[in-house]
Amino acid sequence: MSVFTLTNHRRSYKEKAIVTLLVVASVISIVTTIGILFSILFQAIEFFQLKSFWTFVTGTEWYVSKQESVFGSVPIFAGTFMITAIALSVAIPVGLGNAIYMSEYAGSNVRKVLKPLLEILAGIPTVVYGFFAALTVAPAVVDLFAGFDITATYNSALACGIVMGVMIIPVISSLSDDVLRAVPSAQRNASYALGMTHSETIRNIVLPAATPGIISASLLGFSKAIGETMIVVMAAGLRPNLTWNPLEDMTTVTVRIVDSLVGDHAFDSPQTLSAFALGLILFVITLALNMVSVMQIRKFKAKYRINTL
Amino acid sequence: MKLNGDTSQFKIVAENLNLHYGDNHALKAVDLAINEREITALIGPSGCGKSTFLRCLNRMNDLIDEVQIQGRVIVDGKNIYDKDVDEVAVRKRVGMVFQQPNPFPKSIFENITYAPLKHKLVKKGTEAESLVESSLKSAGLWSEVKDKLHSPGTSLSGGQQQRLCIARTIAVKPTVILMDEPTSALDPISTGVIEDLMMQLREKFTIVIVTHNMQQAARISDATAYFHLGELVETGTTEDLFANPKEKLTQDYIRGRFG
Amino acid sequence: MSNNPFYDPSLKHRHRSAYMLKLLSRLSILFTLGFLLFFLFDMVRTALPATWQAYVQVEVSYSERAKKFTRTAVPKEYRKVVSRAWLRNIPRQMEEDPGLLGTTQLLWVLADDQVDQYLKGHYHNLKEKEIAFIERLKTENTIKLDWNGVFFNNGDSKIPEYAGIRSAIVGSVLTMLVTMAIAFPIGVMTAVYLEEFAKDNAFTHFIEVNINNLAAIPSILFGLLGLSVFINLFGLPRSTPLVGGMTLALMTLPIIIVSARAALRSVPASIRQAGYGLGLTKLDIVKDHVVPIAMPGILTGSIIGLAQAIGETAPLIIIGMIAFIPDTPQSIVEAATVLPAQVFTWAGMPERAYVEKTAAGIIVILVILISLNATAIYLRKKYETKW
């Protein structure tokens, strides 16, 4: 017995130390999430001690001045959701169309070319999209509507939303493509064998089967859109503006966060702290979207017993 | 094996059928005639091309990239690889049942009505309902599922699922049913039920079955064809082929299996 | 048709509707590729003029007076033509080379940004008199557009013709060094723990869910973390590669963990069993066999994570890395800016000359990103092993 324990003793001691180190490394990701939550939460609480929570949630006016500041976040969230809605109405159909083309129609050679191209699109930094939105797309929107005698501003929600939509296309198309390809070929073959055409098979068998995955992809796109910062900082407005007109300028949660933190305000001024109150809501929304998205994917995987993805 | 003379009495005739997967010559000049309202079994070691041949009969191989097919497959007097034949229409007349039961994740009812509604064989309502009933009865499943037609097809047992797939195929009113190892994923009892069903179906349909279970071929089929490395080695009535195989390869295969 | 038992008239209609779906999906691909193409074309077109810069040949007199009033170093009519930034540099030139004093030299010097924009045919605010003067210089061949070395040699400047990208590149490099120094080891260790050692229990599951959530948190919130924890709580210096790198490291972590796990998972079980068969401990097997085999995959994932971190801007704005940085930072605790932040700053400048610089900065970023991704693809191809 002693022969076996002697050498193993020191070994297992070292092994334990290293495994402990690995556990500590793993815990860092948890610490980060908690760190983000608390760093936002504490300042947000501080903000709500200074300003009414009720006004923040229901108020339709947001202005900051030396004398008096009012923080009603409704116009800010309205702007965020308007731009997000425009972005998603570009990204979901186009992203899904891309995914259908890639998974159903493109041959393997075409796929080999298309995939890296979509990856390039996915890799473009958002600051670049922002510059493109402000330099090219926004003036184009103004010119286009001027042709119909309609006035659009140079930082319209529409221009922002379109560019943001393009940014989200790869998010939706790549996940949807994976999901569509994961639909078991037995399902497709069953449909073909019944004398169904390719498109009938796609519409009636493949797409319904992949629906949870497509929902998941869209939620992820949604989450990306409301958290996106650079495009809106560079191309959207600063002015909280409660309107239905996408040709007007609107501001978003992320724009307000950046704006209130880059100025020269005291760290404990309501102006600065309002950034954290907005950040808290952004955190909660994106987390909830991600949870639902993960649940949808899990549902899809369980239904068809898929281990990949 | 060459086909001689008039072949018009046969339901299906394959003539000089060659198939390549890229560089792989998977079917080599296969000639085979299949009788109407009989069960023809395709047997042979795995990789012999029997499933590939089966999938040529309803043009399922068209779905795979890099497949090239030469030769003719004549069903009801018409070469299904002719330019004026739509492969979708071929599959409507030549149905197929697969190895793994693959009901759609829809209700039992919808599993059956999905294709007939698309083909406009029936209208929604009573027509569709009576089609569901008759199809399920033909597949011997009606009594087991008549009270739960709207529960998902995937909730059935494996054997029931396979009979649902058969019912779904029958509902399109094909004249030929292809079966690709339909019982290999099932337990012995379910296998027995499906074999009995096939014996009944043979009165209305021409059935071609791929099986690696020789007892099954011997039990249910009228004719048997033995494939080896992409070639059709021997064909004949099941009785003949199992009793006096003419070719050495066939003898080895049958004896080897029977031990 | 009567002899064709497979003739089905209803199929015509069904195939037509099939064609619509194919057409729509093809249109969406064309839209996406068209956008990408147009975008790249637009950026290159906008950036191209930044390749050249206007220079003018002028008599520079290094007099005692020019030390104090640098404008007097050039003839009066040149004062609006020569770059103010270059003139400001005269005293330093004279300090470095005392022999210059009292001499007059005919030099090619940097021209003012308005002159530059005029020569490139862009918007400018030159007066007619100045335009006439430039036209005269053109006929005398003493004004030209030449390779814009300034862009790569200088840091940021409030004077457009003098602004360059060097300090941003160095800032990006320093920041990325910090990011990878933190994210790579922690990410790989987490992946090794989760794949090789962790038991299938609630704690492990919690870590996994957490990593997934971390990947979905908007980047700007990491900036809030950096601001309130690293800067306000730990008191680390604002606007520095240290804080920026730490913040980006936390963002990059999930990408590295996920790809490293996938790489570890693809190492076949037979390798581990062979190790056990030789009486090695689990740690030895993982350290000496599993991780080295998985390394190309881990590196590929890390490069992709790095590429994403390089382009990240929002969290760095929050921690103040958009400061005006004319000089190249020497260490990770000096204020610095990074490439995308520099692009952001230039994009907000009112002078027309910054537009082409912004686009040029973007091209620099894209070239870096595409080469990183190409490296990742190359690595993946080269070490791709099918087990």
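Chains: A, B and C, in written order; residue numbering restarts at 1 for each.
Definition applied: contacts are C-beta pairs under 8 Å (C-beta built on N, C-alpha and C of every residue); 3 or more make two chains touch, one makes a residue touch a chain.
Only a predicted model underlies this, so the values are computations on that prediction, with no experimental measurement involved.
> If you tally the C-beta contacts for A-B and for B-C, which one comes out higher?
Between the two chain pairs, A-B has more contacting C-beta pairs.
> Taking each chain's centre as the mean of its C-alpha atoms, which one lies nearest the mean of all protein C-alpha atoms here?
Given all protein C-alpha atoms shown, the central chain works out to be A.
> Can you work out the whole-Å distance between the CA centroids of subunit A and subunit C?
Each chain's C-alpha centroid was found; their separation is 21 Å.
> Please tell me the distance, in whole Å, between the geometric centres of subunit A and subunit B computed from their C-alpha atoms.
48
> If you average the CA atoms of subunit B and of subunit C, how far apart do the two points sit, in angstrom?
Using C-alpha averages as centres, the distance is 59 Å.
> I need the residues of subunit B touching at least two other chains; which ones are they?
Residues 88-90, 92-93, 118-119 of subunit B each touch two or more of the other chains.
> By residue number and range, which residues of subunit C touch two or more other chains?
11, 14-15
> Give me the residue numbers in subunit A that touch at least two other chains, ranges are fine.
Expected reply: 197, 200.
> Contact residues on subunit C for subunit A in the complex?
For subunit C paired with subunit A, touching residues are 11, 14-15, 17-22, 24-29, 31-33, 35-36, 39, 42-43, 46, 185-186, 189-190, 192-194, 197-198, 206-207, 209-214, 216-225, 227-229, 232, 250, 253-254, 257, 281-283, 307-308, 310-314, 317-318, 320, 322, 340-341, 343-344, 347-348, 355, 358-359, 362, 365-366, 369-370, 373, 377.
> Touching subunit C in the complex: which residues of subunit A?
Subunit A residues touching subunit C: 11-12, 14-15, 18-19, 21-23, 25-30, 32-33, 35-36, 39-40, 42-43, 93-98, 100-102, 104-105, 114, 116-121, 123-128, 130-132, 134-136, 166, 169, 173, 197-200, 202-203, 220, 223-224, 226-230, 233-234, 254, 257-258, 261-262, 267, 275-276, 279, 282-283, 286-287, 289-291, 293-294.
> Can you list the residues on subunit B that touch subunit C in the complex?
Touching subunit C: residues 75-78, 80, 82, 84-86, 88-90, 92-93, 118-120 of subunit B.
> In their complex, what parts of subunit C are in touch with subunit B?
1, 3-8, 10-11, 14-15
> Touching subunit A in the complex: which residues of subunit B?
Going through subunit B, the ones touching subunit A are 58, 60, 63, 65, 88-93, 95-98, 100, 102-105, 114-115, 118-119, 165, 168-169, 172.
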